[in-house]
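The next part holds the structures, each set out as structure tokens.
Each of the next two complexes has chain A plus one more chain, namely chain B in the first and chain C in the second.
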Partner chain A sequence: MDFFVSLVIAGACVGSVYALVAVGLNMTFWTTKTLNFGQGAVMMLSAMSTALLVQYGLSDVVSIVFGLLLVALTGVLVERIAIRPALKTAGSMGWVIATLGFGIVIQGVTARYFGSQAVAFPEVLFQVQDVVTIWGQSISLQYLAVLCISLVLIIVLECLTRFTVLGTAIQACAQDMELAVVQGLPVNLIISGSFVLSSLLAGVAGILVAQISGTVDPAFGFELVMFGFVAAVLGGMGNSGGALLGGIILGITSKLVGGYISTAAEHGIAFGLLILMLAIRPQGFFGRAEVNKA
Partner chain B sequence: MNTLREKLTTLLTNKYLQIFFLLTLLVGAGYMKAGTLQILSFALISILFTQSIYILTGMTGQISLGHAAFFGVGAYGTAILSKTLGLSLLFSIPIAGIAASLVAFILSYPAGRVKEVYLAMMTLGFGQIFLEVARELTALTGGVMGLSGVPSAGLGTLIVLGMKLSTVDYFQFLLLITACSVIFVRNFSQSRLGRSLFLVHYSELAAGSVGIVRRQTKQLAYALSGLFAGFAGAFYAHLVGYLGPDSFTISRSIEVLVIAIVGGLWSIGGQILSAIFFTFLPEQLQVFTQYQFIAYGLILTFTLILFRRGIGGLLFSASRFIRTSIRKVSDKNKISSDFLSIKANHTNILVKDITMKFGGLVAVNHVSLDIPARQITALVGPNGSGKSTLVNVIAGVFPPTAGRVLLNDSDVTSRSDAQMAKLGVIRTFQDPRLVPHFTVRENILLGAHAQMSYSWLEAGLGLPRAYKQELLALEQCDSIIELLDIAEVADQPVESLPYGYRRMTELGRALMARPRVILLDEPAAGLSDLEMQSLGVILKKLKSLGITILLIEHHMDFLADLVDEVVVLDSGSIIFRGTMLAMREDAAVIEAYLGTEGVEHA
Partner chain C sequence: MKKNKFNHQLSIIMASLLLSGLSVQVQAQDTIKLGMTTALTGPFNEFGEGNRRGVVLAIEMFNKNGGVNGKKVELAEALDDQLVPDRAVQNMRRILDNKDIVAIIAPAGSGPSLATMDMLEADGRPVCNPLAQSPQVTLKNGEGKPPRANIISMAITNKSEATAMGQALGAKYKNVGILHESTAYGVTGSEMTKAAMLAKNPGVKVEVESYNQRSQDMASQVARMQRAGVEAVLVIGLGADFAVIRKNMSRLNVKADLYGSTGAVTPPYIEGAGNLALGTRTMSPTAFGLRPLKPAAQTFVDQYRAAHGTDRWYGPDEANPQLTLGTIVAQAYDCTRILLESMKAAGSTQPAAVIAAMNKLTDFKGVTNDSISFTPDNHDAFSAKDLSLFEMSKGKDGKLFLLPVKE
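Up next, the complex of A and B:
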């Protein structure tokens, strides 16, 4: 029983990070119906630069801020270089491949100049051995902190999109881009903003995961962003609440499979879920099917 | 530049030169250094693998980020069969290829249900699943330690029919297989099935409208693509002699995509050059290996945006999709367009009480309509009155919410668009939906898909049945081109032509599908007065051939001396039916177009 509970808790914590990644993907999906397939590299970039800066002797906070600034800039670049021109000329295949390529460039440059070895990630949030005991169950404080940060971020974002002018503007773009342009919304700025926000979320997620795993290497984000896809698709692309639930369901399922069946199947099951969900219910558990009139 | 391209293309597609080149390589292999032979073998495998992307992504437009999985199935398949079961590679390689094809075929079911982003995610996930399986199924694949001792020419352990194959033998064998594959894929791309993949790529709706069954078409594309990827993998396994999961990661999927994109997604020739280039570059330029990953990333980021047609587009003139040997024969034969005439007396459509709702919107509301045989019926009405929706329902694009459609008194409600097309109900679209880089002739020939029946194998091997059916279709195509009076542009790509020609091309494609009933959605929109006149003449000719015509149109002058009857639709309901003259006087029609106030003041 204890084993089960600990798996569920660990799953929920990890799942909340997947949800964070998924919410980030949703951001750009709202504004442009695109995703950054190189988002994994963005996660790696923030975690890697934080780890390296701490190694150089900067304080944790400064390093993290710098890492996040770096990914925010990356968000702007991805949109300018890989998304905007591709949307004009090459259709969906264009931006999928362009963003994938951009991610590979980031990963390649990092590997080339900082080596492809894993770098130790500093203990920013508590220590590995810090635990609290709740109902006789000892829980790692790092895991709990990750869960809390993710949840708070997702809730804050949800409130922002629901109750602020900025949120309304983003929703307007999501509904009807042309109308938004006609209404005089600074659409390009909003799109750029959505990519910055998306990258920031990915950056935070990268740092959180690196904190749990303890190390970061150039190939670090690849599987992570795939889990983000799974979470987003489970909940329905563009649905924040869905992404949260999808992430947590994914986290718990894969931990349980890993704990009871085989750790080897832990990742496979996630991708299996992805294919199954896309085939059976592409709109996700919580999305509504679009009504199409040709 | 264009003439230079043409010259280069003619030179490189010269049959004798190709045979000479092939023979030189075959003979020369015996005198090459082991290292060169090895790299050349890798280049051939790369070419085989790229063919697989050409079919799936280039032709069908289906992105795949997990192609390494099919490659891996082929590699592990033949390795396990030959190493563990001791099967000869004459059996193990084909079986492995078919296994990969089967895996791809199975993947086509979930993949056929999603598009674009979702397809990219799905194939990415699929690639990862394969990798996990390869890592964990230790008993079969050797797990992360890999599978060593696969019979290979390099190790001298490759024995076929009692003979030990040397690396030279293996290279020659591989070269012949690759050459055959390239010819096969080229033939296939110039067949009814190859062309249908392109139409599914550009417009699934248009594909359905000429009787192409989308699902089947995509399944074929996946299965064939898997087959070539599997072959490539199988040959790879016997070349290197050792397989580890690291050879089948996303990097390999990306590499083949890079090769295909740089070569030009639509160009077999370009992809061959690109495959050779990317195999030799890291070998010749040691520096490149350090930056390989970065270079791949940069190529992916910018090529599709800046350099869409790749090497193929730069060096060669665009590929054509009709076999030249058949063109040469068909150009000499002339047949009359009377083959279009309908012998049977009855081809009428009866629409009974059709209602079509989209969510809460009622687009068509209890409409009953009789479209009499051998007549031209016009459907008019203000924008949003439900005309196009009605045509979509009749053509089988949407199953109606309620009501029935009868064709010659048999119930055809809720048949798919492809089924309706096969029954002879053919439609065109408000905006022409064509394959942009196809010529007018190739686009029109797409309409003949359902009347031809030869298989992918006959297409690839260029067997007589394929030849005969293509020839007949081409002759018919020529006479339709004659009828539409567009012979002067027939061999130009439609993307380079003015709008009027594209409309005519689409009409031609519909005619090529041998319509008994033709549904034309605003055929005159965007045409000049002169073009409109000739369209009128053509439509009258079609009527005289016995084809039943329904057309949606706004141009009243165009309709005036053309149609037998006019039906006016407003807000989803029929408000008038009769002659053009009576319509002009009808109060309800005037009200629908001008509003009530207009009538009062008049």
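Up next, the complex of A and C:
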């Protein structure tokens, strides 16, 4: 029983971070129907800058805030440099390569100036030894903190999009961009904002994962984006609740497969689930099937 | 008149160029040139840059003492492969195309080393392997067969480390977990250690798990070890991954004793795991753990500290260099010393003469091994008897360092 619970908790924790990444991908999907595949580098940037600033003597909080401001700026740049020009050509998929390339450039610049070595990440959320006992089961407070922060952020974001003017504006853009322009909505600003929000979520995800792994290096984050993408597809592209469910199902399934079947299959199962979902229900758990109006 | 003046100037320029070319050529013949490709940058540069420093320090020492056979020594090519086999092959091709290079230091890892060994063997120039642990670096055709004629190794081979570690674990525990990275280094090390453990204690239960390099969470692997009830966990991999595993063990409250391979207990592990590294055990060369150090080791340590201070490789304690200074930097230093001493003994840089001298090397006082001998049948400096168990301990200043285990 302990073994099962350990795997489920670890899986839910890691899965909640996948969900955070998935929600970040959804944000840009709503406004521009694009995904930022350079999101992994954004995660790395926030975690790496936080770790380096703490090493230089800044407090944890100031370092995290700086890291998040940096990735917010990166979000604006990604949209301006990699997305907006690519979308000028109707039907262009140039944004896929452009966002990937942007991520690789960030990685390269980081490696050039800060080295490719793993940097120790400070323990900003409890100590690794801190545990709480619930129903006789020791649970790491770091795992719980990561899970709680991810859940709270996703819920706040969902409330933001459902119950605020900003959220309504984002939904308007998502449903009909041209009509949103006609209605006088600042569409470009909303699109930029969605990239900033998406990058901020990726930045938080990066810091949370770095807390679990304990180190961060320039190659950090690439794998997480893949899992975040799988979580988004499982839940239904563009649906926050679906992303949360998809992420947690993915995290728990991976850990259970790793624990009970083989650790070698732990990562492979994610893509197995993706293929299965695309074959059985392409729109995901909560997505709505696309209808082509002739 | 103008034409004559132009011709005169042209002839002066041509003569100057010719002379400068000759002088370059004379200079080229007046130095003994070495070449290396290694991980100077990239995620594993603690190995490659450490190796380069060792080579440079040895060259400086020889040059300070008059060079080799009356000639100065220079590191003519130090190329960066980032531990990527393809890049190492390209770099090695460039090094081998330079016929002025008379000896070569092998790359800093099994992947790039194995990718370049056949071309090095075919070329025939003397080569020393400072770090790659795969036995195939020297023993192409397996144990008991003659080694590659021109390649010697200062590395702690998988075989010697696995034998020493397997014997230590088999003697102490009944249930051991091996967690290894899914590379040739990890897989071979795991198989050899398991075999050595079972040879020592046929009743020992061994649980084996693998992981991919740079995984960010290894809860499944650690939970499986916990469920198997292992008393000790041996991690065969690299430092940053070892730190992730150590943190996972702490989070899942796994209390098993922790052991790491020589590649795992490195600065990235200590930096990543912090105080959790306390109590971690590893096999390391006995000679470099002795205090006071033997003369050859002390000379190297003094030379390193004078050149680089107490840096990442040396460690924070001036009086007590960390063991990885030996296993990473000093092994390349000893490699260079052996190649150059063999040239001195041969009185030549001709490959056949240098290799013959290397094969006669007896009781050479190295930094990490106090008695190195090579024969035509043995090109490996280390065996299990040259290694001892060390444990991560805390000094009065709170810094972590490895101390010999007295059991």
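Here, the second predicted complex is superposed on the first by the 289 of 294 C-alpha atoms of A that agree within 3 Å, B and C clash if a C-alpha of one lies under 4 Å from a C-alpha of the other, contacts with A are read in each partner's own complex, and residues count from 1 in each chain.
Heads up, the rule we're going with is that contacts are C-beta pairs under 8 Å (C-beta built on N, C-alpha and C of every residue); 3 or more make two chains touch, one makes a residue touch a chain.
Everything numeric in this text was worked out from a predicted model, so none of it was measured.
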Most chain A residues touched (candidates chain B, chain C): B
Partner chain(s) touched by A:His267 [first = chain B, second = chain C, both, neither]: both
Partner chain(s) touched by A:Ser6 [first = chain B, second = chain C, both, neither]: second
Touched partner set for A:Gly115, first chain B, second chain C, both or neither: second
Chain B versus chain C as contact partner of A:Glu223, first or second or both or neither: both
First, second, both or neither for A:Pro186, with chain B first and chain C second: neither
Common interface positions of chain A, toward chain B and toward chain C: 111, 223, 264, 267
For the chain A and chain B complex, residues of the former touching the latter: 33-35, 37, 81-82, 85-86, 89-90, 92-94, 96-98, 100-109, 111-112, 222-223, 226, 229-230, 233, 237, 262, 264-265, 267-268, 271-272, 274-276, 278-279, 282, 291-294
Interfacial residue positions of chain B with respect to chain A in the complex: 57, 61, 63, 65, 109-110, 113-118, 120-122, 124-126, 128-129, 132-133, 135-136, 205, 250, 254, 257, 261, 290-291, 293-294, 296-302, 304-305, 308, 358-359, 361, 363, 389, 392, 397-398
Touching residues (chain side chain A, partner chain C) in the complex: 3, 6-7, 10-11, 14, 111, 115-120, 128-129, 131, 138, 140, 142-143, 209, 212-215, 217-220, 223-224, 254-255, 258-259, 263-264, 266-267
Residues on chain C engaged by chain A in the complex (per definition of touch): 41-43, 45-46, 82, 182, 209-212, 214, 216-217, 219-221, 223-224, 226-227, 239-240, 243-244, 247, 250-253, 268, 271-274, 276
